[in-house]
Structure formats: C-alpha cells, structure tokens
Amino acid sequence: MIKNEKLSVVSHKEIASRIFELTLSGELVSEMKQPGQFVHIKVSNGMDPLLRRPISICSINREMKQFTMIYRSEGRGTALLAKKESGQEVDVLGPLGNGFSEHEVKPGETAVLVGGGIGVPPLYELSRRLKKNGVHVVHILGFQTKDAVFYEEEFKRLGETYVATADGTNGTKGFVTDVLEKLEGSIDVIYSCGPTPMLKALEQKYSHKKLFLSLEERMGCGIGACFACVCHTADDPQGVSYKKVCSDGPVFRAGEVLL
Amino acid sequence: MIKNEKLSVVSHKEIASRIFELTLSGELVSEMKQPGQFVHIKVSNGMDPLLRRPISICSINREMKQFTMIYRSEGRGTALLAKKESGQEVDVLGPLGNGFSEHEVKPGETAVLVGGGIGVPPLYELSRRLKKNGVHVVHILGFQTKDAVFYEEEFKRLGETYVATADGTNGTKGFVTDVLEKLEGSIDVIYSCGPTPMLKALEQKYSHKKLFLSLEERMGCGIGACFACVCHTADDPQGVSYKKVCSDGPVFRAGEVLL
Amino acid sequence: MSRLNIELPGLSLKNPIMPASGCFGFGREFSQLYDLNLLGSIMIKATTKEPRFGNPTPRVAETSAGMLNAIGLQNPGLHKVMSEELPWLEQFNLPVIANVAGSKEEDYIEVAREISQAPNVHALELNISCPNVKEGGIAFGTIPEVAKNLTKRVKEVSQVPVYVKLSPNVSNIVEMAKAVEDGGADGLTMINTLLGMRIDLKTGKPVLANKSGGLSGPAIKPVAIRMIHEVSRAVSIPIIGMGGIQDASDVIEYFYAGASAVAVGTANFTDPFVCPKIIEELPLLLDQLGIGHISECRGRSWKANELFAHNRA
Amino acid sequence: MSRLNIELPGLSLKNPIMPASGCFGFGREFSQLYDLNLLGSIMIKATTKEPRFGNPTPRVAETSAGMLNAIGLQNPGLHKVMSEELPWLEQFNLPVIANVAGSKEEDYIEVAREISQAPNVHALELNISCPNVKEGGIAFGTIPEVAKNLTKRVKEVSQVPVYVKLSPNVSNIVEMAKAVEDGGADGLTMINTLLGMRIDLKTGKPVLANKSGGLSGPAIKPVAIRMIHEVSRAVSIPIIGMGGIQDASDVIEYFYAGASAVAVGTANFTDPFVCPKIIEELPLLLDQLGIGHISECRGRSWKANELFAHNRA
C-alpha cells in the first residue's frame, strides 16, 4: 500500500561527485515490494519547491525497516535534499509503481543488468535478489567520468561488473552498449535503467531478448491521477492508448511502450 | 551604514509564551547607533516566505559584536525564525531607521519608558543607555497576560518597573496608561513603543510633554525606497506630505505624524 | 450538528471540499489512499466526446510556488466515462461534478446531454477555459457572447445544474461571469489556470513540449481571491472557488472572498491526503475563529461588518 | 570586451540590468548601499503631474512567492522630480528611464513633454497599466485603441523614445502590444503586476487598505515569460522584461523568451544588493552555457535551432 510518512535519516553521504547515498528508516519500508519501485519525496516543509521528487529505491532492509536511495544533486530540490542530516526527517510517499520482476529469470540463467548514471541505483536491489535466487548476474554500468562512478565495489561483490565511462577515465571508454556487444556467454534477460537514448539503443539491438526498461518522465502526482507521465503504447504509437510511467511503470517490457 | 550580513546565532530561547530572545553576532553590530533602530530579517533561504521581517534591536553589545532581539512567533515567518539553532546563520539587513534619541533627557531628569507587548524590547537598550547617562528611568510594561510577560527582572535592575496585564494576572489589571496616570513625581520625557491604540492614547493625554513614539507598519524594502510604510504628517493630514516609518522613523516625536 | 454542510444547485454537500478537475482522475488512485466518502464531492477529469491522448511530454514543469501543466485534456472519452468510470464511482455516496470539454459547440452539447443523465452526476462543470487545447477553446473562455451562447445551449440539454468554469486570462472577469449567468448558468467555478511558460536554462527551449501551459498552485491564489471577490458581488449564482488551496485557512479565505465551496487541485500532488486533512482541520479552525457554520464566512470580505454581525446573531 | 552591453532605442546600456519602476524610488536609498554606476539603467518611480500621496496603509501584503502592493503611485510630482530627483541622478553615468503615469490623457502628455526634456532621461516608460489607481487607468491598459492613441499622442511630444508598459491583466496581450507598436512605441516593457488580493484570516477583511493590489515576484514569472514569448514574435520593437527576476538564470530565461533587457523589482526588497550581484554573475553563467554575448540568447526559445547555431558561428 502507498503510504505517506516522515522517515528519519539514518545516514547520508556523498559517495561520488554530487552523488548522495541516503538511508532512511520507517514503517513505510515494509510496504516495499520490488526493486525498481520508487518513492516520491518532498524535500522541504514549505512550498519551495512545490512538487515532490521521484527517486528509485536502491536497496531495502526490511528487518531494519530501512531503505537506501542514491541520487544526484541536480537542481533546486535535490540540492535541498542533500542538506538533510542524520536524525532529521524526510517526507516520503511510496512505494510507487511497478518495478523489475525478479521472477523473469530462473536460477542458473544469466541476467545482464545495464545501468546508466543515476539509473544504476535500482539495479542494486534487483541484483541482490537475483543473486539470492541463484541467478548469474552481470553488471554493466555507464558513467560520464571517473568522478561520477559509484557502487562499483558493491556490484562487484554480487557478480561480474563492467564499468564504462564516456571519457574513458574508468573502465571501457564509451557506452554500456559497447560493453554489452562484446559480452561473452548467453544472456537470458536484460534489465536496464538509464537515460532514454541508452534505453533506445538497447531496445533497437536486443528486442529479440527478454528486455526490461525503467523509464523516466516528469511527474506531478506520482500515483497515476494527473496524467503527467503518460507514454504511447508501442502498438498504437499515434493513438489514444497509453501507459503511465508512475503507476503502470516505471519498468516496462521492451516493446510495450513507445520510448 | 546599512549592511547585509549573515550573522550567527549565539543563543536563542523562548522566554515567555511564544516570545523568543535571539542573540546574533557579526560585524554589522558595529553599525548600530541608537536604541529603537531595527533590523530586517530574511528567515529562510528560499522564497517562502518572500519578504523580510522587521524586528527591533533590544540590546547591543558592541565589544562582543552581539545584539539581541525579542520577537513573538506569530505567523509563518517568525515561526520559521523560531527554529534557528545556535551556530546557524540568520540573514540580517540593518541597522535601519532612526531610533530613540537618548539625548532628549538630561542627567537627573526622569524618563518614563512605556512599552506594550512586543513593543517592549527596544526600550531595554534605551533604558540601559539612559541609566548610564544618569537619567532616572521608570518603566511601564503592558502585556496581555502573565504568560506573555518578559524582561520584568531585567528592567527592574535598571529602575522602577510597573507591569500591567489586560487580564490582571500580573501587576496592575488594565492598560499602561492606567499606571502612567497614577505615577507620582515629575516626568520629563516619555518614550514609547507598542500597539497603535496605546500610542494614540499616550499622544492624546501627554502631547504637552516631550513624547516619542515608535511606530509599526507593514514594510516592503525597509530602507525607504518602496513607499509601503508611509504615513501622513500631522500638519497636513489630508495632503501629500509624508514620512516613511522605515527610514524617517520608526521613532517620531508625538505630533510629527498622524497615527 | 454539521458545521460544514452546504447546499448548492444540484449539490447537497456534507462539506464544501472537493478535488478539482484533472487533479484527481476519476478517483480510482486516491480511493486506494483514503475513503472517498469523506469528500464533499468530486470534480472528475475533463470528458470529451472522443477519447484524447493529450499533449506530448513533458507535460508538467515546476515554478515558484506553482506548477505548469499541459496535459491536453487526456481522457478516455464520453463512452468509457459513462460505461466504466461513473458506474465505478457509484459505490461512493458522492455527488459527482462532471467536467465537460470540447473544441466545438456540438461536442460540448453532446457530452453534456449524455453525461448529465448518469445517475451520480449531480452537476456539470463547463470547461470553457482550458488553456492547453489549440483549437476553438480560447474563444469560449474569453468572449462573453460566445460563452453565454454555449451556456444557454448546454443548459437546454442538461438534466442537472450547470456550473461554468471561468478562465482568469481575461481583461474583465465580471463581464464573463455576468454573461454566463445571463446564459442561465446555475453556478460558477473559478479559477482555471493562468497561462504560463518556463524555459530550460540549458536548452533554451520551453520545458513543456506544448511550450506554454496552465499555472496552478499557491502562486495564483491572490489572483483567484481577487476575482472571486469581484465576481461574487456582481452575480447572484454561487461560486466554487479554487486556485492554490493548501489548508483550512485557505478555504476560509476563499469563503471570505465570496466562494460557497472550494476545490483543491495541485495540493493533491504535494500531499495526497490533503483533502481529508482539510476536512478534519476545518471545524477546529472555525472554533478558533469563533464561527459556528462555515457558510457564515461567505462574502465576509465585502459584507458590511454590521450585516455580518447580524447574520451571526 | 563587454559581453553584456545592449543597444536599445535611446538607451546605450553597459549591461541589461536595471531596477524596475517603483521598487527603487529615485535611487537615493540604494545609492547608499552601492555605486549606481554599476547598473545598466534605472527606471524611476512613476511620476504624475501633481504630487500624490497614494493609498492608505497597509500597502503591501505577502503571498506565496510573491507580494501585493497598492502604493497608489505616490510621488512628489513632475515639478519636484524635474527640479530635485533628476538633477540628483545626474551625478551618475546612468541613462534614466522615466515612468510616466496619469489618470487623464492630458496628464500623460504634459508629464511626457516635460520630463523627456531632462538631460539624463533617455527614454520614457508609459505606465498604462497601474492596477492601483481607481480612475481612468484601466482603459489605457486594456483597450487596444485607447492605448494606441495615447502612445501616439505621447510620441508627438516626447523628446526621447517611448516604451509602453503592458498590463498582464488582459485577454490578449499580443493585440495590446501590436496596438501600441502601431501607435509608434519604440519599445515595450512587460509585465506590470497581476491584480490580486489577500484576505486576513482573523478580520475577514482584505489585508490591503486598498483591498486589491498588484501581484509581483517569482510567482508571476511564468506568466511574464509566456507573454514575452508571444509578444516578441509578433512585434518588431524590443522588450524590456520583468516579473520575478531574482538571479542571473532568470535573466537568461527572459532573454530566451525574447527580451532584450530586463528589470528587477521585488527582489530588491529581499536582497537590496541583487542588481549588482546579478551583473556580476551573468558573465560566469554565460561561460557555463557557452554563450559569448548575452544578446545571443535573445529569442532562443522560438528561434529555430539552426538559425541560432548560425548566429553563434
């Protein structure tokens, strides 16, 4: 069930350039079902800024009733969020949306998790669950540059991990797709989250595979009521049929919606 | 000179019901000339609330570069101000306006300081200076009720002090003017700050005396540029001549402006 | 004894709080968060004759104390609203206000005729003011004669009272209000969004795919209050007020201005529980203000003090 | 090499930043805070033929991300402005834009004729849009024909270029802009304040003594940007933009929308040093955005991408 709760800050640190890892605790955590779901965050008490900010769930610790997010301090809202200190409260609405289904891949099969920039975080909880299920996980993580890289070690602990940077300062120079193309061994499922051009490239090249994509869109309500985040379905690209990124997604099967 | 500076909170405490005493330190303090001047405070970093809040200077410690304000947590802005903690910064513009002249009364003469509610604070620095100058000071302080009374002891230390409360729960039941009427001995000057009805009553009864009144008005700029806080001069009540509360006042000689 | 019930043409409201059209869908999502029976009413999403996809995304942008939207009247169309959404809403004890939109007069009339027959639709809200639709729309909302005629024709076919939703993007709001009153409107709802735009610093292009959009939220409240203050004195039909309402004090401010009920839009996005919260806070605030029934607040900003005192006696 | 200088009719600006009329008096107060020579220009307080006291207080009220004012054009009158304020401003190397107001056509004309002869007045700003003056004012700002005629008559007597300040409280801003362009305006300034009101929760009465007032500040920026975006494509005279500008990014947003210079109003109250701060930040922001001269930003929101790329080549 979707709840609205003030969660308290357990820890908060900058783990890469302008990239923050924020752990919160509260009852709402017990409602979190799937990796790839997100929360909608009110960063201030007043009306400046007015709207909530959607941030993916990066990892869940149900026993401790804690969850972790990773976000980039970007505009006004996330810059304010970055100021929250341990013990302070954060107003969270969630969990929202439908995430990655961990049951699309069987024990012993191979799942490739492809993340770009701040699309990387939701893949972490997914990877932990897949690994627990006995799935062979491979991670391909793309970043702009060395300073922006985060969670490389964390992912390595779960499985094979390749990093690509646009400027070549860490790992392969180039895009995640460059790494993916050269990957050896069979691929049973691809899970991906990142910028739209990356998702498009994946869809173009791997539509024959089981491919899941997590989308981003500007949001109003985050719960499916305002129609801000709508996209066309792939089978009716000019028509009136649609999906809402916030409540039908943010994760869709490739070919389901128009990117 | 008027400065804009972020001063740091030295101490901040609730000294009566919803009444806060806030001490700040910074360079700007060395610019403070007179009791009765005020500062214009931005209570938040963002634009909510948008405007500054005018608050009187209550006491000045030039050596320590500290000054103290006393304010009532009233609406949105002062409620936010009330949350500032030691070590945090407060954006202050000031000192502003023209305060009480301590030189209107000679050593040995008697000055009566009449304050109502949150009009009491600026009289404190004035009293300290007068006392230092060898003036005989008498304080008449009016409040709504017992819980709202503050600085009674502090004023007592400087001279004779009478408290009046509207409901009679502390001191005389009634208004400051009731106390003033019964005051024995000669009065050379009256200095006053408080709600307009109180100032009007004083002006009506004591216009034959040297009487100084500190006015309140809704403000925009606080420096004399926007014409938000204008009042008519007493000699031209319907005309175009005017005084600005923020830069010509807030302290006026009785009979100078129309209350 | 209720202190919040309000009687308006077609609407017997247990309280004067309802979600504004377009900010609450058809109630399905919010029904998972709280019991919709708490609400006074619900203004459902604009319904057009045919289904509409609406505008390309991004459809929303944030502004200072406000937001812009250019949804473009996305909705499943009259048929589906009649066959799926309204029947679903029948489970609640909730008079529905159906927001009717179109780009041609005929569209409005057809939708009004049909939708006003749904058993739980107790009033129509004629949306002559959507800023996000390219064709037609503008004239209905800005030319008094056109608005009046549309109102008249819709009144002829509607089975329930008709409220007309006014656009604030006009030189003379009183003239518009009087025109639709002349046309037979049973009430007014105001205000719809102000036309606005944001431009992205990096790209230099408008943030919204539609370029401009409708400004809503606390930023526009002073404009709405001013307009309701003017209009409520000039017409004799009731006004449902909206624009930036966030809490119980805002509701009282709207009543003081002259509104007889209010709708909450954008605030549902910031706090999805805002409507029940306001409904809970209202009696406490009335206590603080020494007011018995909320209807006593209506028009207090322009009623003479004496008159008001008399009313309360 | 300056990256901020702008040439406009009558105005050779070292930078495009100036305080907006009514928010800076005649500069005396701010001159004690910083060197006014830093500014591109200064729009002085509205001047009328006779001295005016203005409205009763309270004259300001705070709103969400905005404020309302109903100063009521208080000013010392033409004679004093000519004999005291303008001569005082001559000590600065500052082209003055004189804001001209009135309630009758003759008033405007007389003020314009006189004040345009002051040596440091390089342009007039015809204030046809003050929302806080009861008589006359409204028609000038909302009826295209009336605005056009006034512009024409003022142009006949003015020694310097005439900018007309548009009111946002109209159904069709482009129509107004075109009308005054037709009337011979050399430029536009926009926007003046939106009409708004706040009501006090405790008293039930409007906070402002004048009841309604003009809404300014960040709340209205999206409305201003939208209007400038529309108008700048429809007219060929330049626009000085204003409404909610607080920092260098806002300035760029106004240029993207189509403005050629900007004015800062309300922000001077929040931060009296805001104008020099913006002037200092602008070159740094241009660097970040990879823009050489600020004029390159103008109209980027509606210029085709190619055209823009070409301009920068």
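We just call them A, B, C and D in the order they show up, numbering each chain from 1.
We adopt the following convention: contacts are C-beta pairs under 8 Å (C-beta built on N, C-alpha and C of every residue); 3 or more make two chains touch, one makes a residue touch a chain.
Computed from a prediction, not measured in an experiment: that's the story for all the values here.
Contact with both chain A and chain D is made by B, C.
Path length between chain C and chain D in the chain contact graph, taken as the least number of steps between touching chains: 1.
Chain centres here are C-alpha means, and the one lying farthest from chain A is B. Chain geometry summary: the mean Cα position of chain A and that of chain C are 36 Å apart. If you average the Cα atoms of chain B and of chain C, the two centres end up 46 Å apart. A separation of 55 Å divides the Cα centre of chain A from that of chain B. The set of chain A residues that touch two or more partner chains comprises 47-48. Across the assembly, chain C contributes 63-66, 217-218 as residues in contact with two or more other chains. Shown here, the protein chains touch in all possible pairs.
Residue ranges on chain C touching chain A, taken from their complex, read 22-25, 28-30, 32-33, 45, 51-54, 57-67, 69, 71, 74, 76-77, 217-218, 246, 266, 268-273.
Touching chain B in their complex are the following residues of chain C: 64-65. If you check the complex, the residues on chain B that touch chain D are 1-2, 4, 42, 47-52, 93, 217-232, 239-240, 242, 247. Interface residues of chain C facing chain D in the complex, by the touch rule stated above, are 63-66, 68, 142, 169-172, 194-199, 201-202, 204-206, 211-212, 215, 217-223, 225-226, 229, 244, 249, 252-253, 256-257, 289, 297, 300-301, 308. Every residue of chain A that touches chain B in the complex is listed here, in rising order: 44, 46-48.
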